[in-house]
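In order of appearance the chains are A, B, C and D, and numbering begins at 1 in each one.
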Amino acid sequence: MSPRLRLLLQALPALALGYVVVRMLVGDVGGGTTLLDYLSIGVTQGAIYAFVALGYTMVYGIIRLINFAHGEFFMAGAFAGYFVLRDAGIERWALPQPWPVLLAYLAALLAAALVAGTLALVAEAACYRPIRKAGRVAALLTAVGLSLLLQNLARQWPAIGPTQRPWPAPRMWAAADEVPSPADAHYYELKTFTSPTGERVEREKPVVFKGATMTPAVRQRLAAEGGRNVFRKGELSRTVVDRSIVLMLAAAAVGLWFLVQRTRTGKAMRAVSEDMAAARLMGVNVDRVIAATFFLGAFLAGLGGVAYCAKYGQVDPLTGFMPGLKAFIAAVLGGIGSIPGAVVGGLFLGVSENLFAAEVSTEWKDVLAFVLLVVVLLLKPTGLMGRPYREKV
Amino acid sequence: MLVVEDLVVAYGAVVALHGVSLEAKQGEIVTLIGANGAGKSTTLRAVSGMVAPRRGSVRLDGREVGGVPAHRLVRRGLAHVPEGRRIFTGLSVRENLELGAYTVRGRAEVAARLERVLALFPRLAERIAQSGGTLSGGEQQMLAIGRAMMARPRLLLLDEPSLGLAPLLVREIFREIARINREEGTTILLVEQNAHLALSTAHRGYVLETGRVALADAAPALLESPRVRAAYLGAT
Amino acid sequence: MRRSLRAATVAVLALLGGVATPARAADDPLVVGVVLPMSGDNATFGQESWNGLQIAAKELEGKDPSFAFKLVLSDEQSKREQVAPQTKQLIENNGASIVVGSVASSNTMQAAVVCKEAGIPLLTPASTNDKLTAETEKYGEDVFRVCFKDSFQGTMLGRFAWKTLHAKKAVALVDKGQAYSVGLSEQFTREFTALGGKVETEYYTSADKDYTTLVQKVGGMKPEVILISGYYPQAGPMIKLSKDAWKGVPIIGGDGLDSPDLLPLAGETDAQVYFTSHFVASDEDPVVQGFVKKYQEAYAGADPGAMAALGYDAMYAVYEAAKKARAAAGGGKPTPKQLSAALRGLEFTGVTGKIVIGPDRTPRKAVVIVKASGAFQFFEKIQPE
Amino acid sequence: MWTLAAEFQFSWLWVAEVLVGVALYAMLAASLNLVTGFGGMFSLGHHGFFAVGAYAAGWMASLAASVEPGSAAGWAVFAASAVFAVAASAAAGLLVGLPCLRLRGDYLAIATLAFGEIVRIVIQNTPALGGSLELNVPRLVMRPRGLAEVESFRELFLVVGVAALAVVLVVIRNIVRSAHGRAVVSVREDEIASELLGVPTTRYKVRAFVLGAAFAGLAGWYYAHYTGSIAPANFDMLVGIKILLIVVLGGLGSLTGTVLAAAVLVGLERLLQSGVFGEDLKRWMQVEYALILILVMLLRPHGLLGRFELGDLFRRRARGGRAA
């Protein structure tokens, strides 16, 4: 194959991807059943995989650890976002729409990223650092143990609990007399109950359903209670969510590339990844660089967690398991240890899974990821974007 | 400036150093010679903080540094060029050199040092954008030394700089070492298999045997010592 | 020899745990082992059932003090592999004479296998899969239920789709990992095609949360009705994602959709969702309203779902059977065999209707069709013919 | 009296059940120890071979559903299904081993993990094996009716399990001590050196891998006949991780350690689950289990016994300060 032809072949998928993304951003694909629609669905899903895969790949790259607990950092981030959206009340700020909703989501993303990152820092210092010299099997099992621990702590912790929760849409508050008749959406009020055990339970009670008219009695009661006490849910439309995810991934990938290639910390990360002892001799505080890598990886996973849950509408302690596993596969597909590889692997997996489900079979979809994984491992163990395989002795 | 006293180092149950004492004064080149496994590299590693000593003391400028992690010692003016060079093959020559000045904040300062090191090793300037892995063995050794020099060390530890290099290149490297010592005033602790070359470059030398100092003297005296000549210089 | 070895092992372990074998209660209560999904995917089902069981138990305690029951609850976490060991423990270590549970049919099947070999009757409050009582070779002769079967529910769904919704073409979404999902869609397909309709099937798995492609693909098949054969944790997000793709197409499902979490999971939606169930709180039947009031008092104003009502009825079934068996046994504590015999042909009136356990160990009861838009609304009640 | 849970009563039935679990996991872990501890190959997909064996045995037994339990024919099918299970797993081992063993370290681990998942999903989509519902394994040697018979059934299987475990342990011990075994260990120690000395490393690695798979198949056979009902959910990734955990806990390369670790881990798990330590501890059982796992790894990363310091699985020489 001539180099020019090879370059063309490599550029083609990138061009196709760019085309799909542009069409998505313009907003005319994703809602139908054409190839282009499925491609765009795959790109969105792949972008979420990529978010998580980046963390896997960074941690693997630096200490050769498959961090099975990464999916739980994702879950922790998702829950942080959940609580911010549900309880922070940012959407009550007196700003014109869509600012309150936008700010609520930004706060949720930030909280998610910080919580996930902090959790990763703690986990690294408490579990991974002490065991770094004990061999990789021990480290791997520690990671599995940590994953189980976080999952089950979340299940037992009353604030989170073992069941799945609907993802909260930001509440858009209104006054009783602002509710149109017939209603343009479901409207709710918050009611507090006291259970026999003395627990105070807050429930959203519907006041009027979409298309129905509010009875004057109810309107009067609500007005008597005063103020803006009814709300509807500011759900984001699917296209908004999808586009934001793709844009977020693009921003994160560029930012990460800049950080790793251009900054002092990034250079230290690459140095530690190649040769920890030599990096130490350069004056690099290896522990701190590893901690920073964990933080950064989990930071991205936290963003991915909010994106994922906002898209699929629920969150639970096992939220991180499936995306974590798929992202791990994506990281290996792309070449574990390689940052562009994680993005490419994530997008590749997302697109191929969805095309397969759409055009071949929904029944066998789940085996596809693993078959792809085996095929890539056998043909090109370092992945689609990995460097040539070399044994470090 | 460096004083090592009664240093004991063990890897698990294997004791590598049984109480080594040595000293390097400001501006000196001191060499450690000895057979394979005599503990030369281990001594360097204990000095630079890569291994923690089990007993004994390592003092740098009068302050105890035994057990201080390696990355902190860099700020105290110590640089270690490890055995096998250990350059970062995936990073460019420039990035390798910049990492050498990792502890230095301030772009201007790093740029100035880079210029200086490139003046010392013009061959590296030609290869500045190449990745470290594409360099020849001799160039890699220059890169390793140049990278260490980016930290402006007052004490430079060199571990087997001649390893795997052609004789012509070895001589070039040693000329550079002598020049660094002369022009920058850097104190150098040199571990070397090639005892003849090492002793001709150094001011003083120590002979290590099975983890102990067997002989210590000025380098010219060691070169003349019958024991050294018999054991390490291949003379009859 | 063997006996003493055993005794020694048991004694050592008892010491190890710091617990001696507890003294038997004087009245030797009848132990009812309860295995339910209190956490995990189907947690609202388990929690509601347990709430219902407890309301009934409290009532019975006041009503008939001569009875000594003991409910032992075991959380199977909605995980199939947890059910068998937990059921074993309920029988072997807690001394359960009857097991009540579980909800998802696949899980109940695991419990049934254990109960069959131990010779303990199993009463399921809500598992509707036909095989449970039909495949006696696998699950034994002592599986009972207080709910109807999928052959009834699926048939009613098929008729509803054909007659009420006037649909000719249906797409069924099936989770092959759940016996309930497979069984219900089979029964629906049988009835719907017999009436002249056409059914296509697509698959999903509960491990996956991303149904975008599936939803899009189904939308492209231009169905006139869509059956989500499965449980609410998957159905809710599917409905949410289908907002544009399934515009105007009615969505139907079985009692697996009957959870207070369905609507919050589905989010703001215009979809017309109907499902078959055992009970709905908005039914104006006075028996139903009486139960709703009790439930709201006990659980902070929450409306009971069908699982709560079935749990309540299951506890009453155990009580009625025990009463009957005790009479037959002359007043002593009934054995598992006597309980099983008493459950056959048992008759009483529960909140989900009059329960007559027939020869197929399943009651013949009415099915309620619930319309879910904004809230669960009573739509129609169909009596078995 | 209405209580949430009753006091747990120890019973011989419970003890026997736990011991059966110990025998099963000891078998699985010993077979993985041959692959990982002796052969130096890091496998995360051992549960895949376990599944293959279980389904092979279960499928064969289901063909003989009409055989009278306990009859000569029943015993014959019971024994034959063991041979079939072992053969099927060994074949799967060969199929996976030949292409995958070229991979090293983590890549092999990932490939085996993928294999384990593929096996599970393929079973899920194969109606003849029950799909993702359960496969009923007919009772061939005894069909318990009532608790007393459940007890004798369990005792019978305890004997079968201990016998099967003994066979596995003896065979593995003999292999490890044989010339072949020394070859396998040398492969682990240093592949390049072994190749220079004329040891055909790939062949020995494949042999160790296939044998490990075969023994996992035997464990599968045992499990299928014991539970009488198998489902893909019984063979998920956590099972593979639990097996690996036992191997590491027992010490890589130590068979006695493996059996001890299996006893400790399974026993601990069942004790926590039983609620003898109180209802609170039972509720938090999974948290405790995970905590214990992490603590053991932090405190004894080379196993409970720690007799073998074989942590350096990937032949990365311990250079000072460099993470291995």
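The criterion applied here is as follows: contacts are C-beta pairs under 8 Å (C-beta built on N, C-alpha and C of every residue); 3 or more make two chains touch, one makes a residue touch a chain.
Note that the structure is predicted; figures quoted are calculated from it, not measured.
Among the remaining chains, those touching chain C as well as chain D are A.
Once CA atoms are averaged chain by chain and compared with the all-protein CA average, the nearest chain turns out to be A. Between chain B and chain C, the centres computed from C-alpha atoms are 75 Å apart.
In terms of their C-alpha centroids, the spacing between chain B and chain D amounts to 52 Å.
Once the centre of each chain is set as its mean CA position, chain A and chain D turn out to be 34 Å apart.
In chain C, the residues that reach two or more other chains under the touch definition are 176. Residue positions 50, 70 of chain B are each in touch with at least two other chains.
Counting partners per residue, chain D has 125, 320-321 as the residues that reach two or more other chains. Only residues 60, 63-64, 66, 127, 130-142, 144-146, 148-149, 151-153, 155-156, 275-277, 280, 329, 332, 336, 363-364, 366-367, 370-371, 373-374, 377-378, 381, 391-393 of chain A touch chain D when the two sit together in their complex. Residues 38-41, 43-44, 47, 77, 176, 202-205, 207-214, 216-217, 219-220, 233, 236-237, 240-241, 243-245, 261, 264-268, 270, 297-302, 373-375 of chain C are the ones touching chain A in the complex. For chain A in complex with chain C, the touching residues are 31-33, 37-38, 41-42, 44-45, 155, 161-164, 166, 169, 185-186, 191, 193-196, 199, 201, 203-204, 206, 209-210, 212, 232-233, 235, 238, 308, 311-314, 318-319, 321-322, 354, 357-358, 361-363, 366. Those residues of chain D that touch chain A in the shared complex are 36, 42, 99-100, 102-107, 109-111, 114-115, 117-118, 121-122, 125, 241, 244-245, 248, 252, 283-284, 286-287, 289-291, 293-294, 297-298, 301-302, 311-317, 319-324. The residues of chain D lying in touch with chain C in their complex are 1-15, 17, 65, 124-125, 131-134, 136, 144-147, 149-150, 153, 227-229, 231-234, 236, 271, 273-274, 276-277.
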